[in-house]
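First chain A sits with chain B, and in the next complex the same chain sits with chain C.
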Partner chain A sequence: MSQSGPLKTRKRERKVEDPKSRHKRHEAMEAVKALDSIRFGFSENPKEMEYFYDLFERVYCSGETLHTDKPTIGTLCIQAPYEIIYALGGVPVRLCNGFHTDEQSGGDFMPAKSCSLVKATLGMLNQHNIPTVDRLDFIVHPTTCDQKTKSISTIEDMGYSVYHMEFPRHKESEESREYWRRSVRSFAKELSVKIGRKLTRKSMKEAIKKVARAQLAYHRLSELMKNDPVPILGKDIFLVTNAFFFDDIERWTNRVHALCDELQKRVDEGYNAASKRSPRILYTGSPPIFPNLKLPLMIEQADGVVVADESCSANRLFNDMVSVDEWFLYDMVDAVADRYLKGCTCPIFTRNEDRKRRLADLAKRYSIDGVVYQSFAGCQVYEMEQRSIQRELEKIGIPMLYVETDYSPGQGGQLSTRIEAFIESLKVRKRRVDHKKRGAV
Partner chain B sequence: MSRLKKFIDRADIRRFRFWVQLSAFILFVYGGYLSIDLGREMPVFICGYDQEAAGMCYFMPLQHQLARDWERLFSAAGLGVLSAFAIFLLWFIIFNKAWCGYICPLGTMQDWITLLRKKIGVAYSNYTQSQYSSLKKIKYIFLAIVIIFPLLMGAGLFGGEWRAAFCKMCPGRLITPMFVGDFSQWSIDFSSNTAIFLTAFGIAFTILFIVGSFVKKRFFCFYCPMSAMHYIFSPFSILRLKKEGDKCTKCGDCYRVCDMQIFDIADDVVSKNILRDDCILCLKCIAACPEEDALHLDIVNMALFRSTKDGFAKRMGVDKERE
Partner chain C sequence: MPYFAGIDIGSTAIKIVLVDGNGDIVGQKVSASGSMFYKYAKESLQQLCKDVGIDESDISYTVSTGYGRKLFKEADETISEITANAIGARKAGERFGTIRTIINIGGQDSKAIGLDEEGNVVNFAMNDRCAAGTGKFLDVAAAKLEIDVEELGEYHFRASGTPLAINSTCAVFAESEIIGLLGNEHSKEDIVAGIHFSIAKRIIRLTKKVGLNDIIYFDGGPALNEGLVAAIEDELGREIAIPDYPQITTALGAALLAKESFGYAEA
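And now, the complex of A and B:
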């Protein structure tokens, strides 16, 4: 009996895929599928988008890694100050993850009804296999939302070197501002020790400007989305902003400008990337992160067009620029701190007046027809804020569709029916308004 | 016209302000040498003890006028007081509080001390919000001294040693004349206990002024009674600082650069008129605002200087390689 064992296995010898490479293969399959529908599901993509398609393919499908020569700092939230990381010669890599494969494996660490993004991030970190980089030197974790804050201990147990950055949950008071400034200052000190470099006036100034240039490039891109007809679809914009999570910042900035130049030409020619009566959608809520761009994709497959967004994977990431009064370290570090706290419209804060105002302002400036609000099932704060936002939008006469999603592909049919119905109703509304206008003339 | 507007919106307000301040300083402190006389109703601290000044701080004549016997004050002679006040008001409504941020020699001196601090690379300090909200009330106490003490003198309740009491306490009296080589104000008047107190206070306040403005931007302006007086009449001014709350993201950039730590500039998204009592209308907030049109300076409802993304980028020095 005991001898037949090895004999048998020898007979059935075949290559058994180990879990890690199976996981990798599944991820790559997911990435290929998402990228294909972004790239080939629509005709006439801007030529400059090729760089971004190619970047995602290299990183997520072929497993290429970037930034091998620099310390890589994983960030678990956009509140981790990029400027300080760049000033110390590091590269921030955002760890927020959009893979269903990772969501499933991360589910082991979290209660059943919890945020897909957090689960997916845990799943990815557990595999010790981060697309985009070959290693993580350090993880920064601002104590923003509950689920991330609690899961950080799990991440620490996985063997990562983690820095907890204390973040206030209320931003109106002066105490919270001072508290956050102190957090940022000690983060700067700690990171400087870890990396073994000194934060200097010159490097800090350079870093602030580097990030500001990227912000300006994004602002230019969003400015182009104000045009009606729109020169580019929203799914591409999400891909561009997602690329910012890991791409070299200067290369990214240049590429965005190149894209803007092409889009400007399209605007001048009166090119329409959508169709004649495509409703203009403002996207808000839980961040679409590659490859989970299904919601923007569904909207645009249903003939809507996402022209603006209020989410931490795009608009909120770039919105507020740092202003410095005295170009010294003492002022620059505080200025950076303020940018991350004061203008943030994350729902984890007690009040959400700023988010309401931001949405109303975006709706006005981008001539929005309807708002799509996505909340990852289990993301309490987004779920809770949904009502007050809906009420606010009702006041200005903008319809809102609220959807709860996760990363599972099975949800597709039902979700797309709701999206299609919403877009259709917006179209009817638009047509009626158009008729009225024509009637009036 | 639109090109001119763009030029203004992209202006380097810091440099502009430096040169305006310098010219105003020279004009007011040394104008007397060129026999320039703008009168005695200036809404800024240009001290009358400076023999060569081109004008005089309104508080000096005001205190003298209000100290007249009540019988005289409330007779036809009171018209003189009113007409002086009217002239003060006329001067004021043209520039509003920009008198503080661009013209006041005492304010300019504080900015120069700040420049010196920056040269050395010393960090500034700020008040906490609670310190700030109690300290800022002091200027109204000073304003009461300027207005009520002379009236009490006129009523016979206070003696002559209280004459121009605020002037005796004011750092302007000691500092401004020094620029024309007059150091005689640095003395204590021993004629009475009140005079000793007032002049000693003046010297102490002046030393505090110099030290204070080295560590805190515009240290004195928090306590300035002229600023309090301005605020009372600022609703009549043709120059306004306005804010469009719905365009504001509350990023706080404006608050950060504000020398006067005005919290409302960033956090009040309801008021349209955002000029507060401490404001010196230096316009740094507009220059630091990255949002299109969220803050603007209006002259009779016409935007003179607006916050723009473009201007912001230029002032931050991040627009270069794009053009």
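And now, the complex of A and C:
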């Protein structure tokens, strides 16, 4: 016997919201909250940061999309060579996502103990709603991370067209270098067919220069962070580098230079964006991606200052420039390939001496007091590499705090206690070293 | 005479210590934190002042610590419970010698802290996000076994044979494991001992990360549970140091810091 009528009797009338619009609303709320704490949680932000705050607001809070006229190529890892995409007239848009809302919905496709970033990226793709662009023509996936690699079939099931770029796991051998060069050449051919354009010597050269100019702008910005006192806080640096994921590259480069001009003035005036005793922190590990900038924010709310990083959402994006011997097309493509493989310090490699060296080097050049190492719970390679990195840093007398996190905002209490205690211990250490120095004079 | 207050607002209890200008304890109070951390902390402080016979305005400087530290707006300074614990343990544990390793089990977390010769925190390790091996874990287990938390120690020593293994690291799963053990007619005593040993193993694993130095100082509410203390000692194979009032070490540290900070402020 069937019966029609209300499903249940209730006192309160309510309308159930459409899941898709609810999801979108939650994302926007998350973005507003994060942006507010980055922007208004601190006083005296550099004026030139307004461009970046505004950009994130437009894209993530007001739903504006960019690059409507060009082929948009979604990238699942920073090892996808931007130079080739630009040379073929496309725009690379990084898909790595930082939303808790998406992490939760993406959890449907992944085992419980898996990376927040991969879950969030799947969650976003499943919604067919990429905040930065209104469509994706093509996704390229270098086979770096296992969890992403295994997600590709899921992403294809969602209706996307995905291209795999085979990426080697061993960096030192000549075989891996050749293997990766071939991958890059095949990718260039495939993309050329998809976009329907030819890769030319001229367009390749221009693209290499375009990316190099962006790299130089970033290097200028990092150089400014070597100053003590520092002219800007690390939370802003992360926002700037996050903008590189999707902003127009030339506009981005100009904006970074404008910011650097302002910061240079601050340096000349002896301005301090942190406080007198703020320990200088080197951040490493799983990448902070907007709006999940909670760790850099927590460090700076606890009176530390992130002056350098070794992560794929900032420093690693810009390391090593393409170095070309002969400006012929194939030499340029091979040189692009080399830049990506040799400069990469991702923990997916068998050995990772380069990452250790880079951290030790950054610690020295940026006068680092302590290292904060974040691993997204479930990212095995970062979790595993933590011990060897800790040992390496011990050798040079730099304390390291290791934290496992995910995108949940409710982790505040325990996490902030750890961060604060770490910063407090660094301050005591710093004071003692200062005393000793003064005593010696 | 100026007084200094250290207020430790934890997940389960609010601990307040008052010290005088010499850093000696003049009063202490432990009360439940409930759901209104701020209100209860204020009331508790008022009550303590009354008990000690001083006026609240006699307190020159206040430092708050613990999860609720930022809620106590009257505090002159806040500090993380790790730093406060280290300062407090050095003072409270003076009679044991130079403390270089601290084990703290609180209501919702457990931690190990390593100190240098001068008492500065050099490293620390904390459990992650769940109630495994914390005071909460003991609460849940005691409730299921229908005994008081205070009785756990007694039950531990009445256990016979090899302690049962409680393998779950999660308080919720551990409860179902306890139900399973009860279903297999194991005695409450044996289950209690099993719980203590499982917490002991966990906390020792955590402590190894910061280094097991000569004297291991154990504080926090669960340090009042002699059964748990015995389990940790058995697992370690040596005696550990328990202060007279294990619950208030962190509050004492905050009070001592208040005294020190006030001194600095004066100068």
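One rule holds for everything that comes next: the second predicted complex is superposed on the first by the 425 of 441 C-alpha atoms of A that agree within 3 Å, B and C clash if a C-alpha of one lies under 4 Å from a C-alpha of the other, contacts with A are read in each partner's own complex, and residues count from 1 in each chain.
Here, a contact is a pair of C-beta atoms (placed from the backbone, for glycine too) under 8 Å apart; a residue touches a chain by one contact, two chains touch by 3 or more.
Note that this is a predicted model, so its numbers are computed, not measured.
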Partner chain in contact with A:Val428 - chain B first, chain C second, else both or neither:
second
Checklist entry - In the superposed arrangement, does A:Glu404 touch chain B (first), chain C (second), both or neither? => result second
Q) Taking the superposition as given, does A:Asn319 touch the first partner, chain B, the second, chain C, both, or neither? A) first
- prompt: Is A:Gly413 contacted by the first partner chain B, the second partner chain C, both or neither?
  reply: second
**Asked** Which partner does A:Lys209 contact after superposing on A: first (chain B), second (chain C), both, neither?
**Response** first
Touching A:Glu83, do we find chain B (first), chain C (second), both, or neither? neither
Counting residues of chain A touched by each of chain B and chain C, the higher count belongs to B
Looking at A:Ala335 after the superposition, I want to know if it touches chain B, chain C, both of them or none. Which is it: first, second, both, neither?
first
Both partners, chain B and chain C, contact chain A at residues none
Listed in rising order, the residues of chain B that touch chain A in the complex are 118, 121, 123-124, 128-129, 245-254, 256-257, 263, 266-267, 269, 284, 288-290, 309, 312-313, 316-319, 321-322
Per the touch rule, the chain A residues reaching chain C in their complex are 399, 404, 411, 413-414, 417-418, 420-421, 424-425, 428-429, 432
The answer for chain C against chain A in the complex is residues 67, 79-83, 109, 120-124, 126, 128-129
Chain A contacts chain B in the complex at 172, 174, 177-178, 209, 212-213, 216, 219, 257, 319-326, 328, 330-331, 334-335, 338-339, 341-343, 353-354, 357-358, 360-361, 364
